[in-house]
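Both complexes below contain subunit A, partnered by subunit B and then by subunit C.
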Partner chain A sequence: MTDLTLGRATADRDRLLRLLQEYGVYLGVVVLLLLNTVFTPHFLSAENFRTQAVQVAPVLIVALGMALAIGSEGVDLSVGSVMALSTSLLSLYLGYGAWIAVLAAVAGGIVVGVANGALIAFVGVQPIVATLALMVAGRGLALVLLPQLKDVRNPGMAELGSGDVLGVPYLVLIAVALALLVGFVVRRTTFGRQLLALGDSRPAARLAGLPVRRVLIVVYVCSGVLAAIAGVLATARLTASDPTSLGTLMELSAITAVVVGGTPLSGGRVRIGGTVAGAVLIQLLTTTLIKHDLPPSWTQIAQAVVIVLAVYAARERGKR
Partner chain B sequence: MLSVTGVSKTFPGVRALSSVDFTARTGEVHALIGENGAGKSTLIKVLTGVYRPDEGQVTYDGSPVRFATPLEAQHAGISTIYQEVNLVPLMTVARNLLLGREPRNRLGLIDFRRMHRTADEALRGLGIRVDVRRPLRELGVGAQQMVALARAVSVDARVVVMDEPTSSLEPREVRTLFEVIRTLRERGIAVIYVSHRLDELYEICDTVTVLRDGKVVHTGRIADLDRLRLVSLMLGREIGVVRDEGLTKFTGSHDTAVEPVLQAEELTVRHLLDGVSVAVRPGEVVGLGGLLGSGRTETAKAIAGALRTDSGRVVVAGTTVRTGSTPAAIRAGISLLPEDRKAEGVLPGLSVRENIALAALPGLSRFGLVDEARIDRIVDTFMTRLRIKAAGPHQKVGELSGGNQQKVLLARWLAMHPKVLLLDEPTRGIDVGAKAEVQKLIDELADDGLGVLLISSDTEELIEGSDRVVVLKDGAVVAELTGDAVTEDRLMRAIATAPSASTAAGGPDD
Partner chain C sequence: MKPTVILRRTSVRTLLATGLVTSLTLVSGCAKSEDDSDKAKNSTSQGDSGQVVASPSAGSGPTCTIDAYGGKKIDLKSATVGFSQSEKEANPFRIAETASIKAEAQKRGVKLLTSNAQSQFSKQISDVQDLIAKGADLLVIAPLNSDGWEPVLRSASAKHIPIVTIDRKINATACKDYVSFIGSDFVEQGKRAADRMIEATGGKGEIAILLGAAGNNVTTERTKGFEDRVKEKAPGLKIVFKQTGEFAREKGQSVTENLIQSKPGITGIYAENDEMGLGAVNALKGAGKKPGTVKIVTIDGTRNAVQGIVDGWINGVIESNPRFGPLAFQTLDSFTQGDKVAQDIVIKDSAYTTDNAKSDIGKAY
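For the complex of A and B:
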């Protein structure tokens, strides 16, 4: 009798835990929205939502690339430095026109991505070490190209940073479009399937004849390009290039968004919707605490609690 | 010295040991042999304190003991040397040898001079000459193993357990190892020696215990047991019962004039394979026979490009395939069902559908976009044809039974329309009903014109299922059984009596 009830209790607990793993992050976003609606003055205004969305856009874009890297059982620590490199290249080439400058910035992201991917796929360096090397190198290169803060005065960039369509800022539109694109790639393309397969079991993927190396390189190129785009957008919003501080600790924010969003670090699964919600959750959390005049240290503690909760919820997933 | 009586150990679903008696005596080298799953490793783990037996008694030095941890057993004087060396590669030989028992000087610091001298003496005593000041990793695997051995002995071990110590050694190193073992024997140490190399067993061991299905099937002096009898005990097959020709169901009836679809020639991989050649004709099932560690899996992997070869070539339907590349082998029409289904075969976290479509994906896509409708059709076809039992195509493969996982893997490869199927232990660890089904499937596939290379430790399955059997021993082909000669009797004779080609260490008693 006791056994039976106990059995049912654990089954219920398992189900609850699974639901929490799947939808916990969305629940968190909803709870924060409701709390803020009730307790925060002027929360329900279009202007506030715009600010929040614009702030979260760069983190979100970087997190999309990070989700791919983590899904392949890797990680990309160089994203913050890629943003810095991107902003340096952007100001350097702005004289040739906005489009050329943006292309140069994205090319920087591709180069870093290829370097990461080649180190991981061909040399066999662990992702955390390879991307750590590029994280240091990328920031250094960015500072060589542009040693200090420089104002960006370009009508095109200004429009990109503060313009909108029907009240929705360009930044937000681009982030949403990229999220949809990455989601589509993961779900519907050969590359997406192969990425998940090699994240789930590298030896099995290799024996099944998958182009493991090519997929790995593409993963890190994607991550580099997305980080470079985030760098361009952040520059446009700030109307300044600051390679010393742009993107610092971005890799941690991105990993947080991905992990909180329910993508397991063990690979084999990528949750784009969850990643978007994860980035939003962290943003809302920060805002909530700031709006109630709590010191920044509280924000960090709150983030830590959310991460621990997310990891706790994901814990059982490892032992399928 | 160290013995167990009536020991049983049960794991969920498996009875790993049932009332096993085993005694290791001082000054004696005791061989412990058996095929995969016979219970060797479980017995060793019981002896060394890793597992505690469900029933029975472990007796050490005349008194009953219960080791709670491996460390306790080690302190009592039972040392184990595993296949992989478990030492610290960056430390010097001397430090490894005396790790945790370094001699100290008056200040409590390590006395390096004394440490080096002690280490040097310990190694010399065993007839090993290495510079003890060098980091361990600079030594060859063989020398590292010697250091592990010296360490085991220097902690005043009275029982030394060696689990396949020669699997990665050169013949010369094997000789040194044997000299060390003889020294140990003279010092009155009980050695338990696990190996699959018959020549070695006959050279170095005094007594032998054969395990099969968790039971002791024989124990006694090894000199009193001839090789054929030993092999038949291991495999659990009687010798001498010559089958009627009518009983062998697949007597090479397939067209022997047809060109082989697969020709592997002189495949050589250092330590593993020594000029292995195999040919498979369309519609033919060729068995790869031999004991564990004889190079069966390695042959399959080398053909499938999963193991880089030093020399040799693979030809499929007349075209040479680049070796060492899995994609090239797959493009040529070679498909491998790996031995370790869980680690190298299925993707446990993905659905049945994704698993089946995995290899064929590029062919099922247009401009990199997956054609879902075509995948659904193929998945549907194979789930019906192979009778895969799953809640649906979206169930995770990790949740399926072993037999159904194997069928999913078969489906993955059949979707590629292969010319050659390499099946490495296709029915291991799956229940009887599913086993019969998989065997029937293999037959049907061969009838459809596929060339099949079958590896199985189940002798009956191998003999019944194969038209021809190529017998491997120590990484070389030692015999080929065709037609009426495809019998268990002949297979065992080939394994037992064929002279070992590669190990120069091979028995002088041949």
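For the complex of A and C:
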């Protein structure tokens, strides 16, 4: 009798724990929103939500690419450098007009993505090492192309950075569209299935006859392109190209968003909704601490706590 | 069969290499940035001499002579000077600093060896040791850190090489381990920024500070000077917000966006460097504020910030003068001739306000 109730209690606890792991990140976002509504003055204003959405957009877009890389049991450390490279190229080609410059920036992202993918798929270098190499090389190249901050005065870029449609900034619209697109690709396309299959087990995917190399290259090209787009948007918002500081530590923010969002580092699973929520959670956390004027060191500690909690949840999931 | 395989492989490699090289040249060759006329404008309008000493070079304060330091007199003209730069020449301050040293060396006809530590302290140590090994008779060092210089100082003092440090101090004994330090007084800069802020706001209201990178003496000293002066002179001015913008424009912008939403009544922002101040301007523009509704005071004196005063967004820029060349070489010159030089040479920084911004923008770097 006692055994039975105990068993049911543990079962209930397990289910609760699983739910928490599954939806904890959404819960975190809701809790932070509620706390801010009560304690932060002027929090409930359209202007504030607009700012938060605009600030989170670049991180979110980078995190989408990172989620794909992590889903394929890899990681892409070069995203921050790709942003820097993208802003350099953008500034360098802006004389031809905004569209050409954006294409050049995205082309930079594609090149880095192909290099990453080729190193991983053909040479067989581990993703963390291959993308680390490109992380160093990309930043270096960006600084060779544009050694210091340069203002961007193109009206098209300024419009992209601060304009809006019916009150929703372009940056946010683009981020949402990309999130939906990546979500669709992961869930509904063959490529998405192949990506998850090879993330689960690369040997099995190869034996099943999946085009492992092609999929890997496409994954890193996607990640590179998304990072390049994030670089363009960040440049438009700042109205300046700053390859010295743009995108520094971005890879860590992106990995944090993905991991907090419940995508396991062991691959085979991608949670786009969770990634979006993870990025929003980190943004809200930082904002809350800034708005209450707490020392900057607290922000780092708070982020560390969130990461540890998320990794703890991931560990439980792995054990299951 | 084998030879062809090898041949094919090498040809693939050559193809890859040539492809890489051509694409690189293409990337930089076809580039067309927004305004290439900028360069010409910069070089013509940069009409400024070096620095002026604020504290007298002899008389008050401890001094140093070549007899006290050890070593022998040399003629600066025939000497080799080694210059070690700390950070990448990626921001206006460092660019102007290196350019000033190089220009002065050229003007005086001195042979100059330069190195750049790329913000890595271990590299700077080996850089300076390299300079000594290459035969530098005199050293000008812009230190990245204040501590950890013992190995360099040992090898320099063994050869009696005079060292002048610029813009940051090293923790060692003046006139024994190094000759003098030439730099700005960051506390004083903070105080003068506070004076500008008090003047602009009328000494009343709530203000915010955009701090520099944490754990940096520039940040702590500029904060201390500002806070002390505000407390002492304008008790009505309340500092209600202190967050780091890490000396970067983007961070300054996002922090200010949050600031003006949570505290819409803010009357002034003190940014500890120009870049963060320009980020704050971006944020205010984005929020639809008019120029001048929030008073901004920054430190450094870059061209963009002084232009910000002309446009009405910034109310004052306290200069932190990077042109160490003339003063550094003058110090070395008098020292090697056997004259007395001060151990601490504090330079006079000017300031830009609404009165002189337009006429003095040529002096900004």
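List of remarks:
Everything that follows uses one rule, which is that the second predicted complex is superposed on the first by the 314 of 320 C-alpha atoms of A that agree within 3 Å, B and C clash if a C-alpha of one lies under 4 Å from a C-alpha of the other, contacts with A are read in each partner's own complex, and residues count from 1 in each chain.
Going forward, a residue touches a chain if its C-beta (ideal position, glycine included) is under 8 Å from a C-beta of that chain, and two chains touch if they have at least 3 such contacts.
Just so we're clear, the structure is a prediction, and the values are computed from it rather than from any experiment.
In the superposition on chain A, A:L246 contacts subunit C only, with no contact to subunit B. Of the two partner chains placed around the shared chain by superposition, neither subunit B nor subunit C is touched by A:G156. Contacts of A:Y96 after superposition on the shared chain: subunit C is touched, whereas subunit B is not. By the document's definition of touching, of the two partners only subunit B reaches A:R193; subunit C does not. When both complexes are overlaid on chain A, the residue A:G140 reaches neither subunit B nor subunit C. In the superposition on chain A, A:K291 makes contact with subunit C only, while subunit B stays out of contact range. The partner that reaches more residues of subunit A, of the two candidates subunit B and subunit C, is C. After overlaying the two complexes on the shared chain, residue contacts for A:P203 are found with subunit B alone; subunit C is out of touch.
Once the two complexes are laid over each other on the shared chain, residue contacts for A:G268 go to subunit B alone; subunit C is not touched.
Note for the complex: subunit B touches subunit A at residues 304, 306, 326-327, 329-331, 336, 338, 343-350, 354, 357-359, 361-362, 365, 368-370, 372, 396, 398-399, 412. Contact residues on subunit A toward subunit B in their complex (touch as defined above): 188-191, 193-194, 196-197, 200-201, 203-211, 268-269, 320. Across the complex, subunit C is touched by residues 40-43, 45, 47-48, 51, 55, 89, 91-96, 143, 145, 147-154, 162, 234, 237-240, 242, 244-246, 287, 290-291, 293, 296-297 of subunit A.
Against subunit A, the residues of subunit C that register as touching in their complex are 27-28, 31-36, 88-92, 95, 211, 214, 240-244, 246, 248-251, 253-255, 257-259, 261-264, 275, 279, 282, 285-287, 304.
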